[in-house]
Amino acid sequence: MKVITFGEIMMRLKSPGHERLLQTGTLEASFGGAEANVAVSLANYGMEPVYITVLPDNAIGDACIRELRGLGVNTTRIKRAKGRMGLIFLEAGANQRPSKNIYDREGSCIANAGPGDIDWADEFKDADWFHITGITPAISRSAMELSLEAVKEAKKNGLTVSCDLNYRKNLWKYGVECRTVMRELVKYVDIISANESDFQDCLGIKIDADITSGAIDKEKYRELSVKAKEEFDNLKMIAITLRESYSADINGWSACLFDGNEFIESKHYEIRDIVDRVGGGDSFSSGLIYGLANFGTKKEALDFAVAASCLKHSIVGDFNRVSLDEVMKLMKGDGSGRIQR
Amino acid sequence: MKVITFGEIMMRLKSPGHERLLQTGTLEASFGGAEANVAVSLANYGMEPVYITVLPDNAIGDACIRELRGLGVNTTRIKRAKGRMGLIFLEAGANQRPSKNIYDREGSCIANAGPGDIDWADEFKDADWFHITGITPAISRSAMELSLEAVKEAKKNGLTVSCDLNYRKNLWKYGVECRTVMRELVKYVDIISANESDFQDCLGIKIDADITSGAIDKEKYRELSVKAKEEFDNLKMIAITLRESYSADINGWSACLFDGNEFIESKHYEIRDIVDRVGGGDSFSSGLIYGLANFGTKKEALDFAVAASCLKHSIVGDFNRVSLDEVMKLMKGDGSGRIQR
Amino acid sequence: MKVITFGEIMMRLKSPGHERLLQTGTLEASFGGAEANVAVSLANYGMEPVYITVLPDNAIGDACIRELRGLGVNTTRIKRAKGRMGLIFLEAGANQRPSKNIYDREGSCIANAGPGDIDWADEFKDADWFHITGITPAISRSAMELSLEAVKEAKKNGLTVSCDLNYRKNLWKYGVECRTVMRELVKYVDIISANESDFQDCLGIKIDADITSGAIDKEKYRELSVKAKEEFDNLKMIAITLRESYSADINGWSACLFDGNEFIESKHYEIRDIVDRVGGGDSFSSGLIYGLANFGTKKEALDFAVAASCLKHSIVGDFNRVSLDEVMKLMKGDGSGRIQR
Amino acid sequence: MKVITFGEIMMRLKSPGHERLLQTGTLEASFGGAEANVAVSLANYGMEPVYITVLPDNAIGDACIRELRGLGVNTTRIKRAKGRMGLIFLEAGANQRPSKNIYDREGSCIANAGPGDIDWADEFKDADWFHITGITPAISRSAMELSLEAVKEAKKNGLTVSCDLNYRKNLWKYGVECRTVMRELVKYVDIISANESDFQDCLGIKIDADITSGAIDKEKYRELSVKAKEEFDNLKMIAITLRESYSADINGWSACLFDGNEFIESKHYEIRDIVDRVGGGDSFSSGLIYGLANFGTKKEALDFAVAASCLKHSIVGDFNRVSLDEVMKLMKGDGSGRIQR
Amino acid sequence: MKVITFGEIMMRLKSPGHERLLQTGTLEASFGGAEANVAVSLANYGMEPVYITVLPDNAIGDACIRELRGLGVNTTRIKRAKGRMGLIFLEAGANQRPSKNIYDREGSCIANAGPGDIDWADEFKDADWFHITGITPAISRSAMELSLEAVKEAKKNGLTVSCDLNYRKNLWKYGVECRTVMRELVKYVDIISANESDFQDCLGIKIDADITSGAIDKEKYRELSVKAKEEFDNLKMIAITLRESYSADINGWSACLFDGNEFIESKHYEIRDIVDRVGGGDSFSSGLIYGLANFGTKKEALDFAVAASCLKHSIVGDFNRVSLDEVMKLMKGDGSGRIQR
Amino acid sequence: MKVITFGEIMMRLKSPGHERLLQTGTLEASFGGAEANVAVSLANYGMEPVYITVLPDNAIGDACIRELRGLGVNTTRIKRAKGRMGLIFLEAGANQRPSKNIYDREGSCIANAGPGDIDWADEFKDADWFHITGITPAISRSAMELSLEAVKEAKKNGLTVSCDLNYRKNLWKYGVECRTVMRELVKYVDIISANESDFQDCLGIKIDADITSGAIDKEKYRELSVKAKEEFDNLKMIAITLRESYSADINGWSACLFDGNEFIESKHYEIRDIVDRVGGGDSFSSGLIYGLANFGTKKEALDFAVAASCLKHSIVGDFNRVSLDEVMKLMKGDGSGRIQR
């Protein structure tokens, strides 16, 4: 199965350990971005995803390609251009202190790209699946137009289209409402994944659950799924991730899936020593893509996706550096953390 | 409001992560000391505290001033002298293994200072508040005399005097009893903060609470406050911090405040992944100073102080590198650790 | 009391923090191995253990001796030979992701050693105690023969022989069954320590407890002890460690001891922020050796061993870098993690 | 003497040691920029320079102010704005391989600033000296206009104006010729410093010297100085730095100064193990400002400037972290590198 | 042009900076090996070399493939097997102290491979060039047989065969003389590269030059080339590298090339601050392959090879991380190390 | 041969690479001191030197013993006491910028020791050689008295006494002239080593050589030796080290030896990339002790000492981590730095 993902990849500059940003003079540099994270996960599971983006034509762009290609992502369709790479500065929270991002992504090569810059018809030849997120249309007007162009062409070519809503309140600055854009984009989507607040922020669909409280009422999520399906009948699958944030280190993690018919609930994980939760949602999306393509039942697909994203919380960096075997082992129930020797 | 703090600042040399001291050949160098920690917090909240100490006239003293001045502390009143800077070697505990300090602070510039070395009348001109702790009188006889000189002159000049008792059993080696000194010093204090055992060690005031047990009986703390007020009627405010030490990583944290009339209890925080608890008390004291000066009620002041010091447990180093906004956010209830992006 | 330990020591190459192996280009190099770990602990408690092994005659072997000798282990009986040192690559798990070892120890100097290479009669002169584990007979046929030679000679010379079963399923590749070897070796052993599954894997003695579940039924362990004593009447002491693996970070830890008569249960520890659990069993074995030699009661010996190994979980590296005082302090009940200053 | 410097400060992200950019995942973060470098040097010599720039109103801008303020620069006149900080990625060359910069400074807060954003009349009150470089007018059209506004107002207020030409061929992208701008700007300058090629690139003044050959013909530099003075009679001082680039590690370093009358040559230094040559020219400019203000003769001022900038080549980072004493010591002839103890 | 290289790649574990091995507890891990180094260089120049080896089927083998694939090497033909990866421990010399290697490569996957394990006929389909070195036949008898099998099949398929003699005196331990093997292997080689002593050690061809003296007599090298051509008439090109070792940091570097007709001498480089000279010869071989395939004259090919390998001395690690542009720039004469900005 | 060395060992805290002290927050911690450095070198050459000092009875003293014992020094005679360890802060110079030390060694355990604290008669039983330096008598009056006590007792017991004058102008603060003390101490010395200025500073013996100029006139050193012998006829051997300081990175290094009869000159070494020159003199002294005890001629002893100390300049830290073989290899002429593989 040939999967294409498309979006922005940034250089991620993190202060070491739990230090605040620039508390000392070292930054840990890596790469990450929602759609690239999905591609890396799929490569880890043995697929050969194609990742499309626009990178600067300099040593930084080269390093990014080196990293993705090394991880097994097909990077041959990445465009190079004059310009810059977006950056994200990151510090890790602890206890009651949240992790904190500072975006420095304006004017990136991909934000400068627009309709016509990518030959979607050519890219989608022989492809089966297209994955996009709500971040790309948020970064600039031209990137939004390019995103819409992409999903329309994908549908036209018969690809399955998946979208992670991924609302980012600090983007969406170019003068068009997020909801206006996303409600249009979602019309071309088959499989949607998001958390509860994304549905409200991106699509205006809400329920009256209080996500900040510990207890989560699964019934509310069923209700939300049904509402989404009612509004967007094109959606074949609606996946919702449920994060209970007790602190920066301790989260509950689970998800549910609605296929218009059945409402499936995943196993629930307690994660008590979060190493890095960035990319949690992306590892869920990629797990779902892999799972739907490779398992007999939707329950298995969901459980795979949740196990994969549970493991992500123990991995340093945006990319979910776990193998198929490791996800399968957790999915089958072994989360005891007993040493492997 | 012009606040002056006075005391020793040391170079802190910590082994990396959870390594034991000198397990490998790297030490993390920073600066810290109770009264400097208070000054840094006040600077973080937008005040311009004056910090008074004596530093060696060499590259190490220069580096210390660079750090404090960078953080917004007024360092123009720091004296320079021949001699050395005190050091503290530190390793971080984990689980049942406690953190461990080795002091190497004898013969420091400030320990060698004595009455007359600082022109308190000049320093206190236009000042509103003077903060001192029980550490300075503990380091040497001359420093003790200088401390007493300071509080007396402060009172004479009409400043509010706050004192964190901060009992250190490994100091107090020059032949005068801690209680003798501290009971004299406290006569010039308006606002006292300490934990339960400090009251006993420094002032001889005790209750029969067992602080090593998990459960804390708030009634006992009211009792302690009342006793302290009875013995030292000059005290306008008695603040007690309550630390439940479950392990080196997991503590409960709260505080109470008695103004001679009302006994106020703070919110209680569970801190389950302590990053660095050194400076916890100092961040409470500074939070209280800021709170009393800026909020309408004592309850708010106390809640601000406890939120500030709760956050300190998530910060690397002695200084509480958090902003006013971050403390306010936690004080208002958001301790979910949800990522900021 | 002169204790001799014998076995393989490896270079341990660990990725930093929670990074996956070779995620970045740094490895933390140290040394470790079950029997060397025991020797280091005994040295920490003030004994002067003799450690016997075979090391390559190069700068790596030199570094290993430097480390052990520095820590107080008598290294004068270590043989040097052409060849290589075994390696272990290690990454630290977190949450549901287990720690992972990759052994690269084939063809090591000690694996190439065999009967006659060590003059046991000479080594055991004036010695009181010999400690071996189930790892040495697992690494090669010749090392197995050398191990059997050792325990027989030790018994002949009247030494107390202790053995930690330490089953390693990735070793035992030379064509003889583990149980065949270990059942023979155990005939010469006085004191055995192991976890529940080791008894089954090495000796074929099993009970129907489910070690992966949280709850542990102590009665089952009594039953296991009795069975072991029935099969091997030469055993004077049977110690079983009980690890409840909730996750890679959170374990319960306790042990029990059966002397053929009395079944003694230790205190139970909750360890909620595991720093490094490698060497946990070794620190138990060494604690037991020290305890039996230095305390009046078996209960104290067991409690010392459990306190020592509890602390190991908070120490970086294989070696249990804690002092006698620190173990005694925890054994006597202070596990509050209050800072020492 | 009150000196004001104005320009862009960037975050500098350098790969460790001699590694190529992103060869491994660590970057060393610091701050630097021609005019800030000048301010830091002046602060090191005991002056209290005012540095004016525009910084983003986030944690990165805060860190930059912390660093500058710590080093003794007056940062109270720095503006804060929405937006980003410019970045420079840097790798250190060696031997025949040159150091390499990648600028990522488009759209920075200061590039977005323009005429009227800074109240020059207010800033220049009581000021004596204004320093600017050819970088600021190169970054954007509005910054160019702001620069011209600055020098004109400075002259009007009777300040001495110094300018380091600092040609950067990768900037100057907004559609106006460098020479057009710089020839206008230089009309308001009293003291100019630059290397030979800057005169050609910025002002169109050239001689036929071959700067890539080892041997340097001082006579040519006299000729160049005279030409510059002929074209810009307002120039009171023309300083030229002479770098002989034998390799990335080995440079010759000297300078000359023409005051319209006398042509003065400095001492010549062989620098054979360059640590970091970035900021070499800035440390010359600041040395010249200090020297002209504090020494009796121009020869001394020049020698101070060359000694200061010679030392810069041994300092990590953009800032010339050397003291007045250290420069004086070298200026007086002690360059033997004998250990100080 | 499709180039295939074949040989062993090892994990390289280097002590930081100039530290002796295991002086502190950190090792820098990377990958390298003569033939892989050649492949990486060719990829850097835009070719798509195929690298053939046998790697362990574990996380370490995975990491190695990730690195090579990232760098643009075709890794699809790499075999995976049970077993281990060879290791090389490395410390960097300085001044009179040489760099030092400790090999730990016995029993590696590739050493265990033998005739028949690789389907050379299949690998060589459509291939143009095969590169091998004298290291592979040195590691084991079976690897020697596999090497001979390879060159014979390569010749049979009409490929150009190049070989770097690369004598390693610490290998060749399996009982066959190096010269016996290499004189046989060289019969199938078209292009040979080596230093002077390799000719003697591998082929028994010697001249009476003293390579340890500074001065190098080029006439001797012509003589050596002619001798080699006389003995092995099949050789179409004989390249000799000339390293003048003044110290661990300072080397002279040049080469010469004999095509049976013309004797060509390269430019000579002084390298005065060696960063890492490992892989110098490999970067020469790959430069020669690229040069012969892409330039009109042998002189240009030789100059490209020498410039490439000169630059290698400034690069950390085995791989010559330089671009085609960078080599061309030096080849054309710019070795001044002037900063690129 | 049993050698005893006696003096202070300090913790050495160095900023990384070429950074200035506390430029960033990391310090590299190791141990060093003139007499301990001598002991370590002798242990490296296979001797078992006894090192006597007084160390604090805490984790820092323990770490120091761990390090020395690991390196093969007999540490059983080290005293432990309450108090502190001396510190030395160090930054590495480059080019014209010298390395810089900040001592923080006042009040150390050894400075507090005095006559009677060490039972010299007991220590010197069976001993052959006693080594001391001019640093110990410089640190305090009591340490001076203890030093004199030591050399007198050593002579009485028939030991050979060697002394490295090692003048430190920042010590000698207790009110007795260096020359007064050292001229007394040297009366009990057999073998003296020092540089030219030490003779003047410690003994008042001078020649009119200019050590800061490059050229060194050997005749002057012969003259100095003869003068020293004339004043102190007890001296059996006078060794003078000759350092030509061209810069912090480039030094010439050689020595000469006068036995009252013959004046012997060593080989001369150019050291062009100094890694760490601290401990250069100590490695000379220890080389001389080893050489005189193990070679047939004084010329060989001197050449060994100079080769050993030449190599020290390439070693990180105070200790000369080189083997006997490595020194022999250089002594015999191989300083080409060719890689060992």
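All chains are identified by letter, namely A, B, C, D, E and F, in their written order; residue positions are counted from 1 within each chain.
Following the convention adopted for this analysis, a residue touches a chain if its C-beta (ideal position, glycine included) is under 8 Å from a C-beta of that chain, and two chains touch if they have at least 3 such contacts.
All figures in this text were calculated on a predicted structure; none of them were measured in a lab.
Note on connectivity: the fewest steps through touching chains from chain B to chain F is 1. Note on connectivity: the fewest chain-to-chain touch steps from chain A to chain C number 1.
Considering the contact criterion stated above, the chains in touch with chain A and with chain D alike are B, C, E, F.
Where chain A touches chain B, under half of the residue numbers in use are shared by the two copies, so each contributes mostly different positions.
Taking the mean Cα position of each chain as its centre, F sits at the greatest distance from chain A.
In the CA-based superposition of chain C onto chain E, the rotation angle is 180 degrees, rounded to steps of 5. Summarising the inter-chain layout, the chain whose CA centre lies farthest from the centre of chain D is C. Look at where the CA atoms of chain D average out and do the same for chain F: the two points lie 44 Å apart. If you average the Cα atoms of chain B and of chain E, the two centres end up 62 Å apart.
In chain C, the residues touching two or more other chains are 17, 20, 25-26, 100, 272-273. Taken as a graph of touching chains, this assembly is complete, with every chain in contact with every other.
Residues of chain B that touch chain A in their complex: 17, 269, 271-275, 310-311, 313-317, 321-322, 326, 330, 334-341. If you check the complex, the residues on chain B that touch chain F are 13, 20-22, 25-30, 58-60, 63, 84-85, 87, 89, 100, 102, 104, 106-107. Of all the residues in chain E, the ones that touch chain B in their complex are 24-26.
Residues 17-20, 23, 93-101, 103, 168, 170, 212, 245-250, 273, 277-278 of chain D are the ones touching chain E in the complex. Those residues of chain D lying in contact with chain B across their complex are 66-67, 69-72.
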